[in-house]
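In what follows, a single structure is set out as structure tokens and then discussed.
Which chain is which? They are A, B, C and D, in the order written, and residues in each are numbered from 1.
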């Protein structure tokens, strides 16, 4: 696989100006002007914290910045898809146009481009669809996009992607059941593909196991609790197949599925 | 109420050294700062285990070396043998603080010496104060932080550091549990003095002892370190802390952290750090490296005014990797 | 990183007692809770020195007695002689915490016995759980917290408490500096056991030892208290902390607090408290009163799940004098 | 002196609804509906904290509630005069109509009514004029009102009071110099008065000394740092003339000037 260019992050956090926060079903789409930020590679993330009142929520949290996949990059603006699951995402969802946002990044290893001729299957669950959007924008070829959500309100998130096939847990929209059902069907039809996946741990583990059994290459974007995002704290450990730990922030978040024995239960990840 | 009455002396009172330090004149002519015979660009360094230069270089590229934030670089704790560290989860966010249970992952002494030391030896940084402020660069000394659970292990680690010219100083992390007492080695003044003396004999390089804050009498531990021959002491390390898994029906709750308990760092313990640094600075004549919850120049200044010669930034690096540069610049502007 | 690796056992593991406590069945039939032979309306009491019933009655009137928030009332620390307390300032607001340097003002043993004990003896409160929830009232036992700097002083204080029927239990505040070692009496297990034993012999009333958190090995101190005959231990007391006066040009900075240093309480130390309570609950068989940063039911529940039999609310009383009632009600609803 | 009725506080903090926050020169006038709160006596105070985001400011503060004199009570609404001097007052000044506010009180000992026939002189400095407004409303007779401010922007605060004579440090409005100059002139003219004073420590100390030397009764409303406001923490200690300490929250905040050796430097009070 040939890689996408991997951006180097400016060495200091910088202040972004929020240009909008719009509901997208159960999610919020946060947009911020980042004219001087380097172009991220798909799968990279930023560490975000509001400039004002980061803290002061329940139990004095949030305190540390939070990791968010860059969902889209357009005319100097970065987009993020978030779901209010705790004090950090709650505070971010409160932002309004004009508010200031601290950002560090782009960070992490993103996705690698598929080898010539290989078709790409993008599969995402919940807010995990975010990095698939910028990946789809970047791929420069048609890709199969499969997404899964809890219910209709969450399924609105699919609007972030072009031509996505949707599954919902409750069957309100599209296929009833996990989106990995859709993947199984796709790979059954034609296993000559690279799978790009992001979503809750159980979904990623299902993708990993399915791809391993079919010998299909898979790149998994992981989520773990992170304190720093740039390799300083060693807090984002993910057990490696050969023993020891990866650091999800610098060795990932996108990991070759073959490097993992199994996808660990996410820690501090959204549901 | 832990403290009974009886006023404490003003921090730094009676210590001419502290006066000189606090005054702008404490800087050398070139705007640099002298510390245990080392020449530093300013007073701000990193806390061990809170900045990985090798990883950060890959993330930030050349800018890291150009605008290197620390006046000295302290390595993560190195042990004789490689350690994988604790199982995840390793982090818990507390009220204005972070609990970590990282478990000292490191490649072990040999790989550190072979792979990392060469990469860490050529760091330089700008001098923010004095005649050549912002234009002259000085070397960033490498301080290697080591931990062992016996004096013999520590001697072996210090010997190895002594032999490497790239290493300018050694910091002993004495928070390792002592097999006999179950306490941290650093919480027992008698044992601590013995351990420091044993390592002191092995090297002429500056020896810094990083005290544990989980002790009944931290100044007594600092005096023991000094008596054993330490050139400086640093504090505070993290406070023992804990979090439980979220409550779930019918399930027994377990510690959240893979390591069981962890260490609290960050703003939550800032005032505890200030009290310990002030008490230690009054008790020893060797210089003190103060740390604990430093986020900005006011916090660094508090530690300096309480008697610290240098200030280390730990958890705040995670929120802003250039925090130390910001603080060093501001301190230089106020003449510190 | 204070803790090396090696997983800690799940809190409460291996202790049937904790299981019983955690289960709803730990409550007595009437919905009350048994503690050292006393019958309590629920599991929530106050931390010593954080609620003054006499002052609060004047402020809140009859409502205080009607909706009394604590299942037992712990007095502020009483000493043999009256104490005025420390010169102001006595307070400093820290990040998610409070540093106090109150200095144990109190009217002294004699005036306390004459004036306050009668006023504190007739408290009752509602039982929030069980068949008569919200309708039956039980007495609120008076726990008198005492401090002395020698075993002799403590014996005198305990003797006086023993003689008063209105006093149901005695809590020893062992954070008083010991003249010989300079340490808190409570930080030295040998001295602590001696002091507890000396007082134990003087009374059949439940004896609670309030441990100091500023010790290297708090579980060892708890075991010493138990060996000396304590019926229960309580923790944590405040952590030694400090603040400096705001910087002003040319002036030497002094400690802000009139007492020099103070003690940190509140949310900032909550995770430190949880770690100490869990470690102590694993080390002793007597019941544990857990406290430190409790603001709501989740925090109380953490302490209970870590092995505490009762939970005390301290600084949160200042933000909401009825906080303990709110927590007791919520705990009862969840069966605790 | 006969006392005003002293209100008993409800035993628990309660949620008030903010009805408005309006600038008054350099100050903010905060109004909150408190229909069930007891009628306060002049000089009593509430401990206030916003229901949301109390905390999260610089250094994680504010954490504890803050004491504010009740400046006025009208149709179930309580008014407060505040100046943004730190994280707590800053957060309160940000409130908007509809926001929720925790309140405990009325707390403390207020002013005592003047003996029949004695004239009342009210003297206040800065935000310290707040309790004089409700005192003026309650007195039921004409009173002399003297107020001092830093400059013209602060002097707008005088609008809270009827017929106040103003002094400013810079002479922009009214007398140039401390308002105690005005008091000296008043007492020189006719010393048969009771003085009610609230303001910065230096002003209160000048009032105390002046009244002591002229044997004029004076009631001083003190400000100290407070953690609880109801006698629980012993943090608000004020040295007593006869040794020992008063608790400003329960023995005050209004203290008979004769009980003090001197007015202590305020701790945690506004400038």
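The rule we apply is simple: contacts are C-beta pairs under 8 Å (C-beta built on N, C-alpha and C of every residue); 3 or more make two chains touch, one makes a residue touch a chain.
Just so it is clear, the structure is predicted and the values come from calculations on it, not from any experiment.
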**OP:** Select, from C-D and A-C, the pair of chains that is joined by more C-beta pairs in contact.
**Re:** C-D
**OP:** Can you check how far apart chain A and chain B are, centre to centre, with Cα atoms defining each centre and the answer in Å?
**Re:** 35
Subject >> Centroid spacing, where centroids are CA-atom means, of chain A and chain C in whole angstrom >> reply: 47
Original post:
Taking each chain's centre as the mean of its CA atoms, how far is chain A from chain D in angstrom?
Top reply: 54
Subject >> Multi-chain contact residues (two or more partners), chain C >> reply: 49, 85-87, 94-97, 100, 102, 267-268
**OP:** Check each residue of chain D and list the ones that touch at least two other chains.
**Re:** 55, 59-60
**OP:** Select the category (line, ring, star, complete, other) that matches the graph of chains linked by touching.
**Re:** complete
Subject >> Residue ranges of chain D touching chain A (in the complex, touch as defined) >> reply: 53-57, 60
Original post:
Along chain D, where are the residues that touch chain C in the complex?
Top reply: 8-13, 49, 55, 59-65, 102, 104, 107, 224-228, 230-239, 243-245, 247, 250, 264, 267-268
**OP:** Under the touch definition given earlier, write down the residues of chain C that touch chain A in their complex.
**Re:** 95-96, 267-268
**OP:** Report the residues of chain A in contact with chain C in the complex, numbered from low to high.
**Re:** 59-60
**OP:** Spell out the residues on chain B that touch chain A in their complex, using ranges where they run on.
**Re:** 49-52, 54-56, 58-61, 63-64, 67, 76, 84-91, 93-98, 100, 102, 105, 266-267, 315, 317-322, 325
